[in-house]
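What follows is a pair of complexes built around chain A, which joins chain B in one and chain C in the other.
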Partner chain A sequence: MIKSRLVALILGCTILALFVFMSVCPKVFTPYAPKQTFELWLKPSASHILGTNDVGYDIFTEIVYGTSQTFFIGISSSLLALILGALIGVLSAQNGFIGQIFSGLINLFVMLPKLVCLIVLAAFAGNGYLNRILLIALFGWVETAREIRAKTIKIKSSSYIENCKIHGFGKIHIAVFHILPNLFDLLFARFLNGVNGSVMTESALSFLGIGDLYNPTWGTMINLAFRRGAFIRGAYNYLLMPAVCISLLVLAFYLIGLALKKEN
Partner chain B sequence: MKKYLNNLITCVICFIFIVILNFALPRLMSGDPVAYLTGVDEESMSVVQYEYYRNALHLNDNIFVQFGYYIKSLFDGSLGYSYRMEATVSSLILSRIGATLQISLVAVVVSCGIALVWGLSAGSKKGTFDKISTTANVIINTLPSFTVGMLLIILFCFGVKIFPYSGLNSPNIEKGTAEYFFDRIYHLILPVTTLTVTFLPSRYLIVRNTARAVLNEKYLLFARQRGLGRRKIKYGYILGNVAQPFIAMVGMSVGASIGGSVVVENLFSIQGMGTLLTDAVYALDYPLMQGVLFVTAFIAVISIIITDVICILTDPKLRRARL
Partner chain C sequence: MKKPRKKGPCKGNLPKGAGLNANAVEPNDNGANKKDVCSMKNDTHSHGKPHVHGKLFSDIHSCIEKEWLYMDITVPDDERTLSAKESSDGTYEKVMDYVDALCFQLRYREALACCESLYKTYPNVYRLERRLGVLYFKLLKFDESQKFLTKCLFDTDEELQLTYILAVVCYYKEDYQRAKSLLSRCAVLSADDGEMYVAVLYWFLCCSVRLNHSFDELKNLAKNYNFDCGHHLGYDGAVRFALDMLSEAKAESFCDKDTALNRCCLNYGLSVIFERKDKEKCRKYLSKSLEDKDLFGAYSYIAGYNDFNRKNQRNP
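So, the complex of A and B:
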């Protein structure tokens, strides 16, 4: 069991390190500049590992430069979602009116049709980076909040919290120094899951054409490939390689999460 | 019973939330609400046109009267007017919603069926079958829905040419004939498969994990000791524990399945509500977008209420409590 966890951890970290490296120093991986043009629809060869696309960009270069965009949106929106989720989760575990309000908020967001809401809100709010990160975070905190809520309720009924109450510590003191440290492993696991969710949501949105076309993420690349007839041209790597990258990234986070999960 | 009552209240609040969101969005965003509500650029409008739109949209009245007009448009079934398409939003959505429901509802039913049978077989017995199928589902879970669709298109439309890759019907086939019906099913296979494969992992994992959690219960040990067959144990004893969370989750996921259908419709160029939504986004047709959001939320809420009723009807504890 330990061995398989180690394998999962090493595999996940390797893939993740590769992508991080790609996003930090893309020049190591590709000799070309991001918008350098070559002949159109070149087949894969030694000089162009994945060929070129309809306007002559090297596909591999585009993937490498898309890594940082995808990473940035994925990680920042999941961090935001994590903070939001932790806050609302802890608040919803309170007794009384506040708890009810925030529990209701969680139930409400579980029911909302996420993707359709996101599309409509993105259309209204515009296509900026910040807007997209905020919107993805706005619909990404629900799962975190639910799990935090369940865990907090469990912790609150434990005897050491009771002990704190008997000693007369304040509510905020208990929440910050006694409940929060116990939530850290859950928060970390949720962060890894949250990155996956954000990357998936972002790619679905940009596949539908809601995104920055000049700085393409992987989802945008697939959208462009799809709209510009990569199917008919047989340029399947233009369609599939960004998708493979998305899957690998998601798998990497999943594997790390699996390896670091607490034994239950 | 209290849980379901709470659920019902949340449903109603969810619905009201969407209505208020729809009403508030064009009025809160920076910029003139006229531009948002008509989809026409402010600069390209003459003063007369602008005044006409302002009056037609009741933007000169106070906010509560405006809200009244909005509620009225929801109740008389028009859902607003799309100035871009020159038709009421409801007529546009009604002409497209059939295709979306055919894809998403069928996919929900099929994926639930497969997940239930597969998850029960994997969860009821520890071993290699469970390991392999769980790993497979975890890997499928990492694939975005459009990747699944593209793989299917590449395999079955360009590799082996047996399925069409776009549309819901071949041209030149008369509506209403048996041929039309079978042609429709033939066209639906790939989109439905795509959505089914995307939904399968989460459902499979829920069934499998719930089944695994009750596997060590004493009544199951007793059942096995009495020599009951595996099938009887699976469907007679474990299914009862899985049913409640599973049905509740299915109800929750209908709304998400319409979201998934947006992606699939774009991929397969199907004229459904999803493509209507993305077309509206490209054309900046805001009333149409809001209409689609409203209808989606409506379907989601209705499906949650229906599954709650099914939950109440199938829960033996609740059934007896009422009698």
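So, the complex of A and C:
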């Protein structure tokens, strides 16, 4: 069992490290600039590993430069969702009116159809990075909040918290020094899952045409390939490779999460 | 700093009462109408329609006079255009962003100039050729439009949309037989899409009238129509009237509470249907279809404008 966890961890970290390296040093992977043009719809060759697209851009170069966009949106929205989820989760675990309000808020967001709301709101908010990050985070905190709430309630009923109360520690002191440290493992697991969710949501939104066409993420690339007739021209690389990259990135986070979860 | 647009009422090549003046003066060298130019200098151009943020439609949109009559009118950039212009670095995406923003303001001439310039750097790019095809016909250059659209048709995964546009361009060029055969193809492709199907029926109806064909073929095609016309209420009204499913009075008021665009489509359809039956009604509906000049980019408006010019033996 330990060996399988280790293999999952190494595999996950290797894939993740590759993508991180790609996003930080894209020039190491491709000699071309992101908007450099060549002949249209070139087949894969030594000079163009995945061929070129309808405008003459090298597809591999687009994927390499798209890594940082995908990463940036995935990680920032996941972090934001984590902060929101943790805050709302802890508050909803309080007794009394505040707890009821935040529990209601969680229940409300659970019932909302996430993708439909995102599509509608994104259409109004525009396709800027910040808007997409905010929107994904806005609908990505719910699961985190529910799990945090459950664990906070459990921790609150434990004997050492009772002990703290008897010793006269304040609510904030208990929350920051005694409850929060016990939530870190959950928060870390949720962060890894959150990145997966955010990357998938961003890809779905981009595929539906809500994305920045100038700096395409992998989801946007699939959308462009689909709209620009990659299929009828047999440019399957243009359609498949961004999807493979999304799957690999999600797999990397999943494997790391899996390994660390078992460890915990 | 751009000079703000001179305000003036949109008299010009448009019907009297509905704007079109059949006794219009001779066009000058650049295609503009001298009388119109004068009137443009003195009057307000605003159509009086309130728009967002307290602006009028004509404040941020182009007009017939600029796009079709080549008058020297400046339409100020709106926020989107300004931002697209500022961020443009000459790459395909940025220029197309700018073109999109210009088209949103109905500034087709400027958009076309951008696309033509971009086409030198990015030849054979499908999306660009498709855009050029559409922009050319919006500016009444049907030959160029047909050239690009035909080229795109060989290399497309959106056969229905392109065939439909090409059919309408053929209709504008009075090549009704070809338009009809293209529309027959569209009817097959749009069998599951009521909204598109009714549009195809509408232009098929117009072609049939122009070719002096009976409505038998139209009736056959209409058997597959599920009357789920979506927002194409104007097309639907005209087709229903042609198929004797509506009386004239009902057809006339069919789109009264709907958008101006639907009313334009309906009135143009009615004008074509009455072409051989009642010249007076034909003229009346044609005139009504051209009432709202803000719709100059609409397919039916272009068709109506062409018909009007043809009937008055003028070259658009």
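One rule holds for everything that comes next: the second predicted complex is superposed on the first by the 261 of 264 C-alpha atoms of A that agree within 3 Å, B and C clash if a C-alpha of one lies under 4 Å from a C-alpha of the other, contacts with A are read in each partner's own complex, and residues count from 1 in each chain.
Criterion: contacts are C-beta pairs under 8 Å (C-beta built on N, C-alpha and C of every residue); 3 or more make two chains touch, one makes a residue touch a chain.
Given the structure is predicted, the values throughout are model-derived calculations rather than measurements.
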Chain B versus chain C as contact partner of A:Val55, first or second or both or neither: second
Touched partner set for A:Thr37, first chain B, second chain C, both or neither: second
First, second, both or neither for A:Arg228, with chain B first and chain C second: second
If touched residues of chain A are counted for chain B and for chain C, the larger one: B
A:Leu134 touches, of chain B and chain C: first, second, both or neither? neither
Touching partner for A:Ile246 - first (chain B), second (chain C), both, neither: first
Touched partner set for A:Ile83, first chain B, second chain C, both or neither: neither
Partner chain(s) touched by A:Tyr214 [first = chain B, second = chain C, both, neither]: second
First (chain B), second (chain C), both or neither touched by A:Phe124: first
Touching partner for A:Met200 - first (chain B), second (chain C), both, neither: first
Common interface residues of chain A - those touching chain B in one complex and chain C in the other: 231
Partner chain C, residues of chain A touching it in the complex: 35, 37, 40, 54-56, 213-214, 228-229, 231-232
Residue numbers on chain B that touch chain A, as the complex places them: 6-7, 10-11, 13-14, 17-18, 25-26, 29, 36, 138-139, 142-147, 150-151, 153-154, 158, 165, 252, 255-256, 258-260, 262-263, 266-267, 277-278, 280-282, 284, 286, 289-290, 292-293, 296-297, 300-301, 304
Touching residues (chain side chain C, partner chain A) in the complex: 91-94, 96-97, 121-122, 124-127, 155-157
Contacting residues of chain A [partner chain B, same complex]: 104, 107-108, 110-117, 119-125, 196, 200, 203-204, 207-210, 219, 222, 226, 231, 234, 236, 239-240, 243, 246-247, 250-251, 254
